[in-house]
Every structure is written in C-alpha cells, then in structure tokens.
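If you scroll down you'll find the structure; I have some questions about it.
Note that the chains are named A, B, C, D and E in the order they appear, and that numbering of residues resets to 1 at the start of each chain.
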C-alpha cells in the first residue's frame, strides 16, 4: 500500500472507514473457522497429543509479533524520511497490538513448554529474543508517551523502532543460529513445509484471521489517534495560543 | 574534523577524570560490584568460578549503562551540548567522539581491571583469553547502545526507567554471547564463533548507533 | 550591499504552540539586528532557529543566497552563538574551557589569550570555572565569540550580569566585529545599545501574562 | 528607628582568597541597601554570607540586636532570598514549584495564587517549569518572595532577563514590602532603581581584570 | 517543622516519580540487574537459588548507592539546595526528609520487588521471611550511609572514587549480615541474631548519618 495514496489524514479516514468492516468481519470468520478446525477438526499429534493444538494460537501470534514490529519499523522509517505524519500514527497504533501478540506468543509458548520441555521457561536464544521483542515494544510505547510534546515523542520513538529492528532477524533465525529447545522452522521453509497438511490448513487460516484482525484493529486505533490530534489542535486554537 | 574529534575526546576524557563522577567511579563501581559477590554469595571457590563470567559481564553492562546518561545530560544542562551541535562538523562525529571518550573511561579501565577481578573470582586460566577478547569486543558495543538510550531519553521526563528499558533489551545479546564465549573456552571448546558474533554486533552498532544517537540529540536540543 | 543572511516567512512551533510566524529580515555585511519583546515572546526561540537547533515550522533561512538547510555544516562554520546557558565546565580552568571551544572552530591559543585579555579574564585564566562569579562566567561565554572566527554572531541577552566595564568591552567587540564585515543578531531587553541596528519587535501578542 | 539588621566588620574568604572585609551597615524597618561593584567584587558572596550560607571570616551579623549565629533557624525564618540560580524544577508545573517553596515557609495557596498573578505567571500556572523562557523562570524565582512572608529580602541581580513589565512589577513588589516594614538588600549592576536606598559599593579593588 | 519535613518528603517523592530518573529506575534497575543474572550465569535453577541472596543484596546496595547522588546534586545545581538550607528548620531535618524520600523511592519499591525477583531466582520459600526482614532493616541504613557519601562528594572534585571508598566499606556489614540472615533461614537456623545486628546498625546510622550529611551539605554550599 502506498502511503501517498492515503497521505492526508482526511483521505485516510474515508478509505479506512470502507475497509474496516470488511476486515473485521473476515477476521472474525477466519478466526472462528481456524479455531474450530484447529481445536476440533484437526488430528492430534502422534507425539504431543492434544497439546499440539496450542500451536494454532502460538504460531500465528508469534508471526504477528514479528510482522507488527516490521510494520512499525517501516512506518517509522517512512515518518523519519518522508515526514509523513500518518506513518507515525500507524506505528504508534501498531505498537500495543504487536505487544499483545508478543505477550500471547510468550504465554502460549510457556503453556506449551510445560508439557513439552517440562519447564515454563528457559533462557535460550529464541525465548530470550522474543522477550527482548516485548521489551522493545514496551520501550517504544513508554518513550512515545514520555515526552510532553507528542511530536518529539513520535520522533524519538521512531528512532528507537528502527534501532530495535535488528532484533527481528535475531528472533526469526535464532533457531537456526543456535541449537535450542525450541523447534526449527517447519512452515516457511525453502524446501516446502514439513508439517502435515491437515495441521497446516487451520494454521494458515488462523494466521490470515490474525492478520485481518490486526488490520481492523490498527485502523480503529489510527482513527482514534487522528481524531485525538484534531481535538488537540482545536484546543490549542481555542486557548488562543 | 579529525581535530574536532580529538578535541572532544580529549575534553570528555579530561572531564571524566577530573570530575571523577564518571571515570574512576566506573572502575570503582566495577571493582566493588565484583568484590561484593564473594561477600554476597560466600567464598566457595567453585561457585565463584562458576558465576565469574556472568558477574563480570553484568557488572560491565551496569557500569556502561549507568555512566553514559551523565555525559550527554551534563552537557545538555549547562548548555554545552547546543554549542557542540553548532560546531561545524556533523553531529555524528561529535557523538562518536563522546562514545569513544565514554569507552576510554569505562570500557577500557574495565578491560584492564577484569583480569584482576577474574583472579579474585577464581576464574580458571582457560577463560582469561576469551574474557578479555569478549570484553574488548563487547564493551564498545555497550557504549554505543548506551549512547542511543541516553540520547533518546534526554528530552524525557521519566528518563531513568526508560534508559534501562531501552538499553538493556539491546544489550542482552552482548551479555549472552560475552558469557557464552568465556564458557566455551572454559569447557575446552573454541570461543571463536561467539567472538565473531560479538564483532558482528559491534560493527552493526558502529554503523547504526551514532546516527540514531545524533538524531536523538538533535531532538533534545529543539 | 547584498544580504548575507536572509530570512523569509520564518515560523516556529514549540510543543505544538506557535511561538512566532512570518518573520522576515535581511542583513548585509556589518549589519546588526536587535530582537526585542516581552518575556516569552520568542526571542530565544528565534535565535535557536537561526542557529539550526530548532527546525523552522515554515519559511527559509538563506546564507549568501543558499538555503542553509542544504548544507548545514557549512553554515554552522559561519556562526557563533551565546545563549542563556554559559556552558562553563566547573572542573576546567577558564583557559581550558575557552581553549576547547576555540579548538572546535579553528581558533588558536594566541587568539584565546587575546579574547581573555579583552574580556578582562586574563588574570583568572588558571582559575577553575566553578569558582567564577556570575558575571565572570558570562564574560567567559562571550570570550568564546572572540576566540574563533565566525561571520555571524547570535547573542541571547549577552549583557546579563555584566558590569559596566564588561558591557563596554562587549560593545567594543561587537563594533569591531561589524567593522570587519561581521553580522550580529542580539536579543535584549534594552541593556545594550548598538549603533544603527535594525530592530525586530517580537510583539506583545503573547506576553507572559 | 533602631536597626533591625546590623552588620559589623564583616569579612569573607572564598577559596583562600579574601573577597571583602570590614563591611559595616545597618538597616531599619522599611530600608533598602543596594550593593554595587564590578563582576567578582563580592556582591553575591556578601548576600550568601548574610543568608548564612557562607561563614563569615570575621565580623558579626545581628538581627534585632541578637547575633544571628546564636539562633540561625530563627533568623532564617525572617529571610527570603533570590540568588543567581532560579531553583525551578523542570518536571513540576509553575504552580507546583511555587507551592513547595511557599509551604516550606508557611505560605498558603491563596498567597501563591496572588504571587503568580502579580508576576504575570497566572496563565502559565499549569505549564511545566521546563518550558519556561529565561525571563519567565526568573519571574517564578521572584514570585517565591511574595508567596510566603519574610522580613528581609536578599536579592542577587533580580532583574536579570526580565522585561520592562516584570521590572516594574518587581519594583512595585519591593516598594510594598518596604512599606510593610520589610528590609531589602539587592545586588545589581544598575538595572533596578530603588527609592532612597542606602548604597554599598564593594569597590573596584579586585575587579575581574 | 513537621510541615516542612512532610513538604520536602512529598516534593522529593514527586520529583522522583515524575522524573523517573530516580524512583522507577531503581526498581527497573533492580529488576534488570537481577534478571541479568540468569542471562549471565546460566539458567540452572539450583545455581540461581544458591546465589539468590547475594544477588538480591548486591543489587539493592547498588541501587541505593547509585541513586542518592542525584538527589543532592540536582538540587545543588539548580539552586534549590541553598534555598532548602535557608528554610527555617535545621538542615538535619531537611537531610532526614531527603533520606526518607530516597528510601521511599528506592528501598521500599525494592522491598516490594524483592519477593518477586526471589521467585525468579528460585529462592526457596524458607528464605523469604528473612529476605524481607533483612531488606526492611538494611535498606534504610543504606540510604543513610549513601546520603553521607553523596553529601560529602558534592563539593569535592574527585567525587566518584570517594563515594565508593567512603560508602562501601560502611555498607559491607549491612550486606554481609543481610545475606547471613537469609542463609541462616535457608539452612533452618534462626535469622534473629543477624536481624538484631542489622537493627543496631540502622539505629547507629540514624543517630550519626544525618548530622554528618548536613555538615557536608553546608560545606558544599559555601
């Protein structure tokens, strides 16, 4: 999606309002189907039994955690380079959503870890880097809100988002670079997925559902931020400043 | 530009040495943190040796994190930072000079103190080479990352928490690989791959951090 | 005489608040501009914008015809500034303090000595910055201007805490600077007088009250 | 009229250097003393000595006839001071800043409000101290004097960075304070005029040069 | 006088909370230091449990030492300290208020955070009571001792080393007995004698430290 298309907040409000209901509806549908298939229709794993079903939440949320950070970094770059205020709003809107997905991935991962590895938590590269990812989200949000001047806050936080992006490839490739308890990539592989299609289908549906959910949510938050900014501008005019 | 760079490094080092608040503290701090452990954990040689790499690295990380904040902030508060930003050289150069000065007054002394402290903690001889190599590669990264955090929080109300929150996630990899390098050496493996990663990290930080920090400093001067 | 420094339609926003807008002026070699206005009018903000510390919300600043945003480093090489803060390090001596700033902009030790002399600080050269009185500290800040060459001087209430002798020394230094083709922009509440200077009143529009 | 504040043979040594000696004066209720002298003459040192921050090298300071060294707390309850530094916390709002200092000396919120009003800061009451302009910060420092009662005001170049309105407000505040029997000791380079004040010139003996 | 005391405590706490530089940082710092250890030392639960008391105490000591410096110094630099010294109450009271505010924003949060971190470090349940008791008695002592160090170094050039040199020898007993209390509890003995010693130490510090600190502050204001 080109930022120029939606460059002005007014135009953004118009287009986004058209996309939002569709995204919400499709997200709900996909998640419903994905959950049904994942939790009831798909086979249990021959090793893991029913605990494997955590996967249908864990994996998509982990993907979304990475996706959201990437989106945030790209928007931040857009803001810093092209001074496009909407890009900063998009990044700000994405941060808490990404943080939630990260937290969800951590929580489901821990839940899964107890039966699989016999412990809630180990300090290995994958888990640690995901925790770092969560801290980065939190740091971004804290920094953006810490300034009295929201414009400054936005700029500072954008710089941080870009710096923190180095962590994304680390999360992604940590399982390849270090041998850890966590299992290596089995879906997005060069030589094709190594996962049973009966599990792959609901997984992908869930992933699509999560993505659409993100789109719907980010639009709502962006609209709120745009409105907030307008209100502040009006207040400023009213205060005669 | 090289003249400017040297001038800033020289001044910051002088200030750190004179003021003490920054330079000698760091070593004192480092020494104290490390020597506190035998008190805190008990003097069992094996246990100390076991935790030595971790203690040394955590202490180094803390020393770096705690000291850079002041370098920028003191200059911001007394008006020096705006004059530095007005100097006819790119702000990145200034930032890099400040980072170098910071490293010279924290990382380097730390590097020199580390072997002594390692003896104190009973670290086996096998680990010394890796310890020094890892610190030599890791401490500059810490200074660089710390500079970004310090600069980003210059304009902020709740600076303190933020610095920790911003810097430490980024510093954790340095810590983990620094420790891993030493432990590899202790268990008879080669520390090389870990040191390679630390070098990669340093190069990455060197390429990114000064720009980010310079941008953040500009923001604070507004 | 063509304008060396030309400012057009400059506006400044601080913390989402518009401090000033549509500021225009042009200064040729040897000319001076005096900024006046009540507390909070935006004098310091304008000086900081000229120095490039605050990004203008609108408008442009040109030096010798070229927009300064295009090559900020080249422009900064032409500018020296004294703001409200004195930037004196308490642990360095007076001479060390000054020498650092001079070195940063290509001033040499002889020049540093002359600057100290001129502002009556020569006797205090080896005293640490921390023991200076307020006026002595301000003198040291002003000595920076003399310790390295620059075409444009930006001064924010330079005479604050100075005694009569120092104000006279400052006046003479500014006159010399202008005679040599230098430009000056000074914010003041009236404690310093400049011969045939332009004036810009940042207006009582949004005073402190 | 007997003297409330009496100073005899006061001398001050800072860093092994004798800044002033044999200073004598006496002030009765409603009287004012203006300290003058070049930069580094010792005006601030004298004010800080009077405030009890610097121990006198010789001489005595008496309040209502009693040596202040005997009961420094009782004397301090009578004194308010404005020195070179403004003591404004950037993270507290203007009102919070002032309220703290007022509370410390028994001022109440109504008084704080009036003090802000009087120095033209009422509109800025809820603005954080960090965004104030230099003059606004100075106004806030002066507002402290009005926010809590004290018989003796010590002021070190109070008018620095103030605009004309604020200088007038300050003059009026001092006049009111004196009319109510208050005492004032002001160090200044001449930017503030007091009706029939005593003067003490700390002499050019050891100027800055 | 009580009003003044309350006003100063209130202000310092507010400032610490607002600025963050001191209050929340300390907890963040504490949390971070403690969580760094699993990274540094490795995640073996037994090892972590073994070093837990030491780590918690060292972290607490560092948090206290590193944070008080700023309270006095910030007030010195912006001119507030001289006004505080001019307030019509003895300077000792002011100092005591500042120490209390410091403890409220460092010691107390630390005390609250400690149990959580102890869980993270796998400290056995038996040690919790002693941990909290020891910290409750020990952290005020650390604030008091820290205040003396901070005040002494206000006017001194080479502050840093001095603070460390002055404060830490005095703080080491607190550390040793604090750890000893926990370890006694862990080995099934009673922590009481150690806690008694910590109380005695606290009383001593309370009687001496504020006077020393007040005298040092006066010196710095000269």
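Some points to look at:
Convention: a contact is a pair of C-beta atoms (placed from the backbone, for glycine too) under 8 Å apart; a residue touches a chain by one contact, two chains touch by 3 or more.
These figures come from a predicted structure and were not determined experimentally.
By C-beta contact pairs, the most connected chain pair is B-E. Located most centrally within the structure is B, per distance between chain CA means and the overall CA mean. When each chain is reduced to the average of its Cα atoms, D sits farthest from chain A. Note on chain placement: the centre of chain A and the centre of chain B lie 32 Å apart, centres being C-alpha means. Remark: chain B and chain C have CA centroids separated by 36 Å (rounded to whole angstrom). Centre-to-centre, using mean CA coordinates, chain B is 45 Å away from chain D. For chain C, residues touching at least two other chains, in rising order: 14-15, 84, 91. Multi-chain contact residues, meaning those touching two or more other chains, occur in chain B at positions 18-19, 77, 156-159, 161-162, 165, 168, 172, 176, 222. Residue positions of chain A touching 2 or more other chains, listed in rising order: 128, 148.
Residues 3-4, 7-8, 11, 14-15, 18-19, 77-80, 82-90, 221-222 of chain B touch chain C in their complex.
Residue ranges of chain D in contact with chain C, taken from their complex: 14-15, 37-40, 44, 84, 120-124, 131-136, 138-139, 156-157, 160-166, 189-191, 207-209.
Of all the residues in chain D, the ones that touch chain E in their complex are 14, 48, 51-55, 73-74, 76-77, 79-81, 83-89, 91-92, 96, 100-101, 103-106, 144. By the touch criterion stated above, chain B contacts chain E in their complex at residues 18-26, 28-29, 32-33, 36-37, 39-42, 47, 50-51, 53-55, 57-58, 61-62, 66, 77, 156-165, 168, 172, 175-176, 179, 183. Those residues of chain C lying in contact with chain A across their complex are 14-18, 206.
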